[in-house]
Amino acid sequence: MLDATPQDQTEALLEVNNIEVIYNHVILVLKGVSLQVPKGGITALLGGNGAGKTTTLKAVSNLLKSERGEVTKGNIVYRGERVQDMSPADLVRKGVIQVMEGRHCFEHLTVEDNLLTGAYTRTDGRAEIARDLEMVYNYFPRLKERRKSQAGYTSGGEQQMVAMGRALMSRPETILLDEPSMGLAPQLVEQIFEIVKAVNEGEGVTFLLAEQNTNVALRYAHYGYIMESGRIVMDGPAAALRENPDVKEFYLGMSDEGRKSFRDVRSYRRRKRWLA
Amino acid sequence: MPDQLLFALEVTANGLMAGVMYSLVALGFVLIFKASGIFNYSQGVLALFAALTLVGIQEGQVPFAHLINAVTGLHVTEFGWKVPALLAILLTALVMVGLAIIIEKLVLKHLVNQEPIILFMATIGMAYFLEGFGDVMWGADIKTLDVGLPQGINETLESVTDKALGYGFFVDNLDIVATVVAVMLVTALTLFSQYSKQGRALRAVADDHQAALSVGISLRFIWVLVWSIAGFVALVAGIMWGSKSGVQFSLSLIALKALPVLMLGGFTSIPGAIVGGLIIGVGEKLFEFFAGPLIGGATENWFAYVLALVFLVFRPQGLFGEKIIERV
Amino acid sequence: MNDMTDGYMTADGRKIGGVVMELKNITLKFGGVTAISDISFDIREGEIRAIIGPNGAGKSSMLNVISGFYIPTEGEVWYRGARRPQMRPYKVAQMGIARTFQNIALFDGMSVLDNIMTGRLTKMKKGLFAQAGWWFTGAAKEEDEHRAKVEKIIDFLEIQNIRKTPVGRLPYGLKKRVELARALAAEPSILLLDEPMAGMNVEEKEDMCRFILDVNDEFGTTTVLIEHDMGVVMDLSDRVVVMDYGRKIGDGPPDEVRNNQDVIDAYLGVAHD
Amino acid sequence: ELVVPNLSYRTGPYAANGIPYADGFADYMTLLNERDGGIGGEKVVVPECETAYNTEKGVECYEATKSDGALVYNPLSTGITYQLIPKVTADHHVLYTPGYGRTSAANGKVFEWVFNYPANYWDGASIIVKYLAEKAGGSLSGKKIALVYHNSAYGKEPIRTLEELAKKEGYELELLPVDHPGQEQKSQWLQIRRNKPDYVIMYGWGVMNQVAIQEAVNIKYPMENFVGIWWSGSENDVAPAGDKANGYTTISFHGTGADYPVYDDMKKFVIDAGKGAGAGDQVGTMLYSRGMYAAMIISEAIRTAQTMHGAAAVSPEQVRDGFENLNLTEERLTELGLPGFAQPITATCADHGGPGSGMLFSWDAAGKKWNAASDWIQSDGELIDALVAEDSAAFAAETNTAERCN
Amino acid sequence: MFYREAGDFKTSYRLDSQTFPIKFDRLRFYAVLAIAYGVIPFFVNDYWASAVLVPFLIYSIAAIGLNVLVGYAGQVSLGTGGFMAVGAYAVYKLMTAFPEVSVFIHVLLAGGITAVVGVLFGLPSLRIKGFYLAVATLAAQFFLVWLFNKVPWFYNYSASGQINAPDRTVFGVFVTGAQTSATAKYLFCLVMLTIVALIARNLTRGTIGRKWMAIRDMDIAAEIIGVNPLTTKISAFAVSSFFVGIAGALFFAVYLGAAEVGEAFGIQKSFLILFMVIIGGLGSIFGSFAGAAFLVLLPVLLKNVLVGTLGWPTDLAAHIELMIVGALIVIFLIAEPHGLAQLWRVAKEKLRLWPFPH
């Protein structure tokens, strides 16, 4: 359905050029990652556990500093401007907002207050904000039911909705989504991606999403990057990636005979590791 | 009315007033805790610093005179002018804002997302620093602070109660002023934190620094804001306590009187600071009054803590504190 | 308890035993919120029992009831034929029920090895004074014995290379695996898994599945599994409970559940294959 | 060189009191150096060491300075004194603690290396009681006296004496402890307001003094019936209460004010020469005078030692002899430019406690100075000697010290 | 180059879990021990003993004790001063009541008594958490100080309420009182510290240590996987107070020789020891040493430099010292929030990778 517009036709809104990230001064995590996010597109960042997806997103949104990580090489450019040294808050004002992995709700605030913090940087008036709040409630009716309870006491999935909703409330230009589908019921996963698609198409919001659920991600994204141990090992339009036999086998769980039962993966199997 | 009851009433009244004085200090703690989850140990020193600065400005002292003299061999002490109280208070408030900015720049900024105990520790470091700094800046000798607040027994109240009850109650004028000021402060701060956008942001920051950053809340702004307000509260506390006992090092120890108040009222509740203060004030005074003579007196220091402890066993988050979320 | 003895055979020929745990009419309320309302189901020896349902349905709460962290407002938990009195969670753990958590609850300040060793705490018997003596009182020896068992689990889960890493530094997926290791270290008779495969890609999920199946095979560990990936649930589980907003809307073998219209409406959206 | 360390505290909770004392001490020594070239031609070196009124730092200071040939220690802290008593006894240094420290050190038979003349805490209590008795028209019988005290070793010192005296004089004693630092004294003063004691005696230190005086003003307690020990009677203590503190009375074992002839030299050689120890604003205050008093006694003791042993560079042992044979007369005080500043002292091997007399001063808020309120008053020697004997005997027994001077 | 694990194969779990898995570390540790026991005693003089070494050793014990509670079990306590006072008064009462028994035993018993008191005050920790608990422990601090000040029995009815350590010997050598030599003081404290450190290390490496850390990191999860919070927290309070009590006993009997409770064991002491633990590194025995060394040495050093070398007035020096100590605390926390111990670990990690940067 949404097949890729070739990379070079649209301008790159966000460019990550060969960055290297070190945690705690000693742990080298990203070993030269480059990627481009075209304006108005949905770009997916795929890869196994510990590949460095979260780190890449945090490098972009400048949240690394608070984890004692730093970008030691390379640069990150947003709309032609180097954003590495900006504060996260300034970046949000510029329209880049991240939905963090692991929800990170404000536990003691009510669900509604959580959503409203998303509108912190907005200056377009209460009415607009109230309208968007309604919109978020429309997307996630469950949240409306729980609007008055403290976020700390909502279920895992509900917290995930809060985190998404909160980001939408800031009316961003670009959303960095870290594992939006994690912990969500299947119905909701589809729904979340439908929302992503709707927001992307309707409001022209650009997405960069890190996802484990390769299957869905490649269905909705326009372009994909695959990461492995701190490096990008493969990239291409989503459709192409979907057809790639390696991706098929290792990320989509499909072999030539179609989907295999999880029960059958009993013994050791060959792993594919890209040499980079 | 029997004498004993009258005395107990008088003690209660004074306990309430003393409690308000504690609350003034506790308020500063609450503000910062609420806004950043930082348990700001330096609040007491902040009050001392504010009071020192106020006196220094009022008296036209040359800051760092001692250092200047020691290094250059000069002999400067005073500019030779006096600054009117109100202007001096205003200037001091500005100094406190400046201090907040510096603290944010030099300390807090670098400690985003750290564990609470680390932040607590950092504020202790700051307390040390400020204590030394205040002394280097203004000298360690004792200073008299006089911004024209009334002091001494309230005659009206005494004569009224004397007529009505046959025993004139003692209530200190300074305490009455403190009460009025405290009520105003608490009202203003409660409104601010409950009903403003910044108020919500404060609470968000306290819950999760990183998430707050991620939605675009500027920690720097929030912190400067809140430390400025806390600095102002410290100034108020400094004025009240300084008028009472002079300005000198021990002023910073009033923090210790505020801690049980905090504990009892809840670290995150502004009204809690007041209610906690009242309970502690009355409790410790009555205990000293009734039990003190039996067990040798000087019970106030520990009694406040024990009282708070007993409360906590039943309500671990204090009277008005936010419930501690326990989930897996 | 009536049917301690009878069981059934699974499609792939495993023998499932009698009922080990039975939840009877559990209701759980938090103030105004009813997280679970009047749910009953049982868990049989050696089976893999899945709980599914939309977000906020009360699945995690149900696990919390089983592990004693939440006390049900109404209802009873029966364990091995006897009504389990209300007890603190650590007592429940000592009875042989281990679990993993939805929001990873590892001990961030410790290494992977130490985290897994905590799984064996219920089994280690040396007291405070013996610990202080270490070499002389046999504490070191006990430690080594348990370490050997833990190393087996480490091998089994293929996490040898991160043994000494502080868990705080691990990526999400590995943390989940370490959590599983910790639960396995307790050699539980019932293993409760709360979304063990969230945030993993297919390859990693396959690994996880293999581990769960192997544990079940080798030790006959009864497993209760909450999972949102239908593929995993359908493939792995022997019986499935479906919850929706605190109510039970289905209970039975995967195939039956999958075709239950209520379940499709409330949860699956479209029929999964 | 004569090394006399000055273990001072210009920081910490009691800095406000430590500063003038240290200034007075240092300035007097500087004066001797500048004007006379030292004591007996030998320069005095006063290495200052900051203790912050903290016992551990006090020990550190002691250890740091003792190897430099230190002669006398004067730490201005009862806590540090207790620490140093065993140490100076083992290391042979003199410990001079005028008006503070361990009271029973007055007994030279047991405490060979410690001196605390001219008066100690118990003398102070006794003198105050005598003064009050006089004020009350000769007898205190039937009167009520309240003791407001710092709830520490120091503050508790007078209790025993006051209790003994209560038996003798027939007054009723009420005890009101105040915990460190003493910023909140509402309960104590409400109690005073209610019980209306005829007199209030205070053993306070630091901020406690200021707050107590302020509270006394607040409850309109008659200031002239409120008497503090010498550590509760500095300008710092009365200043915050302003005019209302007028009449507050304190005891002292030396004079105060900058009117003594010695100040002419002091001004010329020290202050105006820019060699003053502090900011120079403390000259002539009560605590400054006390620091100067200590320095004066130490220098006189050293001088005595020099004459006795015929050497200018005396050893600590010789200085001890100097202290034991100190004979400070009125004439000598006049020579020093301090006529009437202190009472004469004739020390002996057994008597390290001196005459035990003091005089009272009351605060003149308008003139901002202390006015003498009595003549020198002698303490109740009989009673106090007995107490001293008892306490020092206990110490001797505890430490197996043999009595000397027999 | 020589700082490598490679080639240093471990053939048993025992060897793998030893304290210093790297050979170079192990050698250095033995060297430090050898110097501490074999060299320093011959050179130590009064100044070094009283101003630096003895306080360092004693504070290390206290810091290890507090670290068990705060760093390992995660229960922040501000009552350390009060617990040290319990140790001090216990040892005083024991020394004066049973003069014929060795002080060594007295010190250990004092630790035991403190442990009991610690458990008592630790009970509220079951309900109260975090900073609320920290503030609550101040109740212990203030109450204990008040108690020792108020009840004359504790100070044997002495006139002023001061307690003085009588002369006592171990193996015929004076270790308390005025006649004690610097070497004796040093060695006595060193032996105590060695014992304490060993016990602490053993406890923290095994079952009980893991229980403590589990409670610290996530108490609810810990309980669900089978840790009994009651016994675990209480045992942490007991062990911690035991060490702190020993430190208090030594502090009074060996170091100060005389003490007044409010002054020697006041709230400042509680804070000081907490600083040591945090600056040194929470949850690290080595950190306790590092923190104690830092906070004992730094002021002495600064004082000597500012007053001794630069000749500044003492008050100015003291104020500036405060500023420097405060600033250093902050700077350290910014550089490495997990204390000197972590700084050390990072340095080692770098060393291991050397000459490569990562």
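By letter and in written order, the chains are A, B, C, D and E; residue numbering begins at 1 in each of them.
Assume a contact is a pair of C-beta atoms (placed from the backbone, for glycine too) under 8 Å apart; a residue touches a chain by one contact, two chains touch by 3 or more.
Because the structure is a prediction, the values reported are computed rather than measured.
Colleague: Spelling it out: a chain qualifies if it touches chain C and also touches chain E; which chains qualify?
Modeller: Intersection of chain C and chain E contact lists gives A, B.
Colleague: Given the two chain pairs A-E and A-C, which is bridged by the higher number of C-beta pairs in contact?
Modeller: Higher contact count goes to A-C.
Colleague: Approximately how many whole Å separate the CA-defined centres of chain B and chain C?
Modeller: Here chain B and chain C have centroids separated by 50 Å.
Colleague: Just curious, how far off is chain B from chain A if you go by their C-alpha centres, in Å?
Modeller: It comes to 45 Å between the two C-alpha centres.
Colleague: Just the number, please: Cα centre separation of chain A and chain D in whole Å.
Modeller: 75
Colleague: Roughly how far is chain B from chain E, going centre to centre by Cα mean, in whole Å?
Modeller: The answer is 32 Å.
Colleague: What parts of chain B, by residue number, touch at least two of the other chains?
Modeller: Answer for chain B, listing residues that touch two or more other chains: 66, 135, 140, 296, 298, 301, 327-328.
Colleague: Can you list the chain C residues in contact with two or more other chains?
Modeller: 69, 101-103, 105
Colleague: So which stretches of chain D touch two or more other chains?
Modeller: Each of 10-11, 15, 19, 151, 179 in chain D touches at least two other chains.
Colleague: So, with touch as defined above, which chain pairs make the list?
Modeller: Every pair of chains meeting the touch criterion: A-B, A-C, A-E, B-C, B-D, B-E, C-E, D-E.
Colleague: In their shared complex, at which residues does chain C touch chain A?
Modeller: Interface residues on the chain C side: 12, 30, 33, 53-57, 60, 102-103, 169-174, 195, 198-207, 209-210, 213-214, 228-232, 235-236, 267-269, 272.
Colleague: Write out the stretch or stretches of chain E touching chain B in their complex.
Modeller: Counting only chain E, the residues touching chain B are 70, 76, 124, 127-132, 134-136, 138-139, 142-143, 145-146, 149-150, 220-221, 224, 267, 271, 274-275, 278-279, 282, 312-313, 315-316, 318-330, 333-334, 337.
Colleague: Per the contact definition, I'd like the list of chain A residues that touch chain C in the complex.
Modeller: These residues of chain A touch chain C: 23, 27, 46-51, 54, 101-103, 142, 146, 149, 153-158, 160-161, 179, 182-190, 212-215, 250-253, 259, 261-263, 265-267, 269, 271.
Colleague: Once bound in the complex, which stretches of chain B touch chain C?
Modeller: That would be residues 328 of chain B.
Colleague: Would you pull the chain E residues touching chain A in the complex into a rising list?
Modeller: 346, 349-350, 353, 358
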